[in-house]
Amino acid sequence: MGMVGGGTGSFIGDVHRRASAIDGMIELVCGAFSSTAEKSIASGIALNLDKSRCYGTFNDMIQKERELPEDVRMDFVAIVTPNHMHFPPAKMALENGFHVVCDKPLTLTLDEAETLQKVIAKSGKLFALTHNYTGNSMVKQAKAMISKGELGTIRKIQAQYLQGWLSTSLEKTGQKQAAWRIDPKKSGIGGALGDIGTHAENLIEYITGLKIAEIAADLGTFGEGRILDDDGNMLIRMDNGAKGSISISQIALGEENNLAIRVYGTKGSLEWHQENPNKLITRWLKEPKKIFTPNGNGLHEEALNVSRIPAGHPEGYLEAFATIYKNFATHVLAINNGEIVDEPDYPTVDDGIRGMKFIYAAVESDSNNSAWTKIN
Amino acid sequence: MGMVGGGTGSFIGDVHRRASAIDGMIELVCGAFSSTAEKSIASGIALNLDKSRCYGTFNDMIQKERELPEDVRMDFVAIVTPNHMHFPPAKMALENGFHVVCDKPLTLTLDEAETLQKVIAKSGKLFALTHNYTGNSMVKQAKAMISKGELGTIRKIQAQYLQGWLSTSLEKTGQKQAAWRIDPKKSGIGGALGDIGTHAENLIEYITGLKIAEIAADLGTFGEGRILDDDGNMLIRMDNGAKGSISISQIALGEENNLAIRVYGTKGSLEWHQENPNKLITRWLKEPKKIFTPNGNGLHEEALNVSRIPAGHPEGYLEAFATIYKNFATHVLAINNGEIVDEPDYPTVDDGIRGMKFIYAAVESDSNNSAWTKIN
Amino acid sequence: MGMVGGGTGSFIGDVHRRASAIDGMIELVCGAFSSTAEKSIASGIALNLDKSRCYGTFNDMIQKERELPEDVRMDFVAIVTPNHMHFPPAKMALENGFHVVCDKPLTLTLDEAETLQKVIAKSGKLFALTHNYTGNSMVKQAKAMISKGELGTIRKIQAQYLQGWLSTSLEKTGQKQAAWRIDPKKSGIGGALGDIGTHAENLIEYITGLKIAEIAADLGTFGEGRILDDDGNMLIRMDNGAKGSISISQIALGEENNLAIRVYGTKGSLEWHQENPNKLITRWLKEPKKIFTPNGNGLHEEALNVSRIPAGHPEGYLEAFATIYKNFATHVLAINNGEIVDEPDYPTVDDGIRGMKFIYAAVESDSNNSAWTKIN
Amino acid sequence: MGMVGGGTGSFIGDVHRRASAIDGMIELVCGAFSSTAEKSIASGIALNLDKSRCYGTFNDMIQKERELPEDVRMDFVAIVTPNHMHFPPAKMALENGFHVVCDKPLTLTLDEAETLQKVIAKSGKLFALTHNYTGNSMVKQAKAMISKGELGTIRKIQAQYLQGWLSTSLEKTGQKQAAWRIDPKKSGIGGALGDIGTHAENLIEYITGLKIAEIAADLGTFGEGRILDDDGNMLIRMDNGAKGSISISQIALGEENNLAIRVYGTKGSLEWHQENPNKLITRWLKEPKKIFTPNGNGLHEEALNVSRIPAGHPEGYLEAFATIYKNFATHVLAINNGEIVDEPDYPTVDDGIRGMKFIYAAVESDSNNSAWTKIN
């Protein structure tokens, strides 16, 4: 694996490195970690990389790696930069024969996203988008239960992704994570929408197997001097007639990383909270509430497959993230061995396109005083 | 206390009887408990009332009680009938000199509600509406914290009231509670909106001290053959600029009585769940999460005042309900003693009017494809 | 009902009054509420009793009430005094033809307890001991599940009753509740043992249907200048070979009223926490954890019978306490009607004797450096 | 790192591999993974090791690695075998100049443990024992709070480690994990005592900084045909006069990995549950309950230092385990660089000796009908 972005001290670069390391399938072999060549190389050395493979720019990295022998060069590129720097390295890597893992949201603009979709198709290479929460064991169980019809027809969905870290003007203190996220040139047209809203949208569509058909959004920009949304309340209508709502915020003071979903069907319902991920609460017409746990009793294969440790040994954020990498790496290996994989289980460019359309529809609805707006 | 409605086997009649009995301040002395004289009298006898004060109709009760000596006759009427039968007995009782406690929502129609408001004003009598959840110790604490500015400016509010008991066509099985609630002639223009939505609306306005300025509602009618809403998702904008959402449902399968609220301010935030009411979760900018409990450490007087038992002894639904009765009875006693009470702490007709306007605005918004609709 | 003890401002007197009022079956008609005649009468008047039935002493009350016509005089006496004042009024009431409800622990000494048992037998009157936690819906469900064999053979039991209110020297501040509890003349040979330990012991035996056969106790007296235990850790062996432990404390700083039990069998296990009483957690060999709730799905009749309100409407401490009174009153009524009741469901003198033996065995074990000591 | 034990399919070998990989500081370079050379080598190859460094026995591995150039050979040995196979490879590795990471309990017998202690001292090499739960962020916070005096004098401690996986005769089904754990030749004189009891003991001593001075144990052997304990209830007295209890079980049906601890002091108290590790509950004399979370508000440096991800991103079992490896690797690097480390923060042979003495004292107490037995 070669990495673009994620220099020393970066939050998400470190996450990708740890998550990709857990299963012993992936090795970081090179990187272009920073916007300046100097920092980039220093970061690579600090990460114990061979100095010759610490590159100053992603262009450099992709070109040079391509020239290395096949069994030496990186197999894929992991892109962990701010949103505006997803498209350029992704496109170049794909066009130069490398698979790509990319952070979400997919790109800066919907145009870029649609272009990227074509680039991927043309390249024949693999592309994974790190909607990491879909890697949780209990999310797999939730999806499996719904797809097997155990909840009946879905009627109501509630999702929320609440954080409080932008409650104050953190971006004015020099905090880098905050600074680029509130900057439309780096984030795109969505603020919280892109950063966390797309996770909520993706989780809904992943778990239920339904699509959000239309949305009525009321976005908020509470932080002084901000341009992009830092809060949003949305009504949704699903393509099967189910209704629901999504609430997101980065000014929900005191909330840490409160992503949660509730899905109600005609036979059963379920509830999952990311902050306490080792618990899937299910409710039933005639039976008492049942609580599923990773590697615990009564799970479907889909959930059992992703657990690495026995029941009662809590799985965290990194493990779920690692599952995205593991499934991607498994696919890469299969491809390399000439095998065909029917339904690889990791988020792809299609999820990324959905996310971008969600952002665009929400912003459009909001600018039309929350009028219902289609996502197609 | 004389009761209208609440014959043997009724859910809410029993609740009112128990709640009014807990504090030893109120005695049930008469009633017109049912729509038929026979059942009504049988109910009264089963409740150990003096047979002469088991009345066939509320008209009869109000007239006959009025003729009794002042120290014998009932002090007030408790109305626990379906919505369409709130207005007639309330009006008559008030006009005959009796105070009134009435179940929510206030009346069948907004017109009735506004008429009733005038009748009350003219009568000079007291009127309490049983928005019982405001009687909870932790709700009092939440309101006190916000009114003292501890949370700063409120920015975001999320409320939900989720039940699942109408997930199936319960009304077709002869279940009376279900039957009248889905019938517009008895419920009014709101289904879940009136039954539980008004509780959510009232809780928001009670706790925050803010008013919902406008609403964008997407109501659902999932139960086969139903006319009224049995589900709803709503965006709200508060009169101070805060934004939020309300989700209600009676088809959220498996949910029992999941009323909950989250309020986020610029200094702190709070969260309360009715099903686990002895816990107020608060979050802060720099400090760890703090959990308040009834009669526990660090509470304001407003919360301490309503607890009857030491910390750790759980208070339930009936205790909160009883607090409405206790505060009302205290007010009645004060009035009877010629005392003036500055700010009686129980929901009044004004809360009832807000609830009716909320129902009407939500229905109007829904019929305009969720257009923002003012509540004034 | 006539009350002994529980003058204005008392904690437990108020609890008994509220709990007995909830179901509309019991009326407080007289009392001897305090150790001085003056305070006693003032308390009675404050409680709106007829002045002629506010007595200066319990002797007076029992004698005078006995002389009243049968349909006027109290049906039973409720004794809510400190431990040393349980036996005298109980004995006198029984010998004068009154049923008795008495607070726990049964008496000051085991001798008194055994004498009282004989007095009751001889009197033919009913006697209830307010081990109130056995009135909880989820405790009834737990007991029913075990007695029907759903958990298989019980192997392990853990109970705890943790409070922190005596962490500091509260008794030196003039706090009456603390003062008598640490005084052997008023409490007996057990401090926390009698006050809360007996609840834990009773809950274990009630839920499991087993008896504690022997105990190894290590008591602690942490409060400065105290004579009686304010903390204890105990090993227990049940009469069926199960093993377990009990931990009690009144110096567990910050704990409010943390009574909890876990029972493990060969087929299933269960867990219940008094502070969150509306939840029975059950675990199974092959199935996921199931959570039962009052009036919720999948309950046995024994649990359903005690709920007064629908699922999701939390039941609290007072409701459980009220169930003891309700079942007792039902028994009194049946007796008065000449009916026979097979298995009245409230704690009796036999439970009280078990509690006293538990206290005595624990104290004996502790004084023998925690040697195993039989409870027979 | 070279590994002894942990062949393909092993539970704990995989855990060590993942935990050591997370921080990018440690690479698995060789191993002797199984009791047969063939399986061992196959395991190594499956782990993508260089075939030349997949050894048939640990003797072979240690000898051959020693002959490799210093910059090539493994830095330390990780021992992840059943208990009886801890001592031989540990001793040999140390005597051949390798540092050692070893699974707990330390050894098969106390004699071995004491010998090993001397071997380590003589070797001058580092030795870490994987009491992994001490790596949790909230455990670090708990220890820091107590060591800084924030809880005052500790008075009461309750710990439990409850599992249910040996509720049935799993060892008779060919399950390897079960088979060796119930075999005294492989486990030693303690069953659950060694496997999980030592974790509870270590957690108590780590968090409180106190030592268990004496113990009164009642062990149980419920599984048919078992020789070793599969359950135990114990009273403890700490060296500062605090009292408490420990409950352990592997027949607590339905429990997954329920390690928990409560510590009560004169100023505050705390509670932590391994299954929900991202939460430290603290209670105070006058203030409400405060809940700490990893990387959340109000933490001490000691806790902040171990978090790899922002607050609200749950940390799991592997992260805590990884912290042991990270701190050990940091120490190895420092040593290699000739630096001195004052207080390395990972469990050592001294913790292992405490664990062995705990096992021996508990077994002795149990065989003396739970007589108090010193641990010195």
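Note that the chains take the letters A, B, C and D in the order they are written out, and that residue 1 is the start of every chain.
Please note the rule applied: a contact is a pair of C-beta atoms (placed from the backbone, for glycine too) under 8 Å apart; a residue touches a chain by one contact, two chains touch by 3 or more.
The shown structure was predicted, so the numbers you read here are calculated from the model rather than taken from an experiment.
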The pair out of A-C and A-B sharing more C-beta contacts is A-B
Please identify which chain has its centre, taken as the mean of its CA atoms, farthest from the centre of chain C. A
Distance in whole angstrom between the CA centres of chain A and chain D is 34
Separation of chain A from chain B, taking each centre as the mean of its C-alpha atoms, in whole Å: 43
How many Å are there between the centre of chain A and the centre of chain C, using C-alpha atoms for each centre? 55
Touching two or more other chains in chain C are residues 255, 284-285, 289, 293, 296
Spell out the part of chain C that touches chain A in their complex, as residue ranges. 284-293, 296-298
State the interface residues of chain B toward chain A in the complex, per the touch definition above. 155-156, 158, 160, 164, 167-168, 216, 218, 220, 222, 231, 233-237, 243-245, 247, 249, 251-255, 262, 264-269, 282-285, 289, 369-372
Contacts from chain C onto chain B in the complex sit at residues 11, 14-15, 17-18, 21-24, 28, 47-48, 163, 165, 255-258, 274-278, 293, 296, 308-319
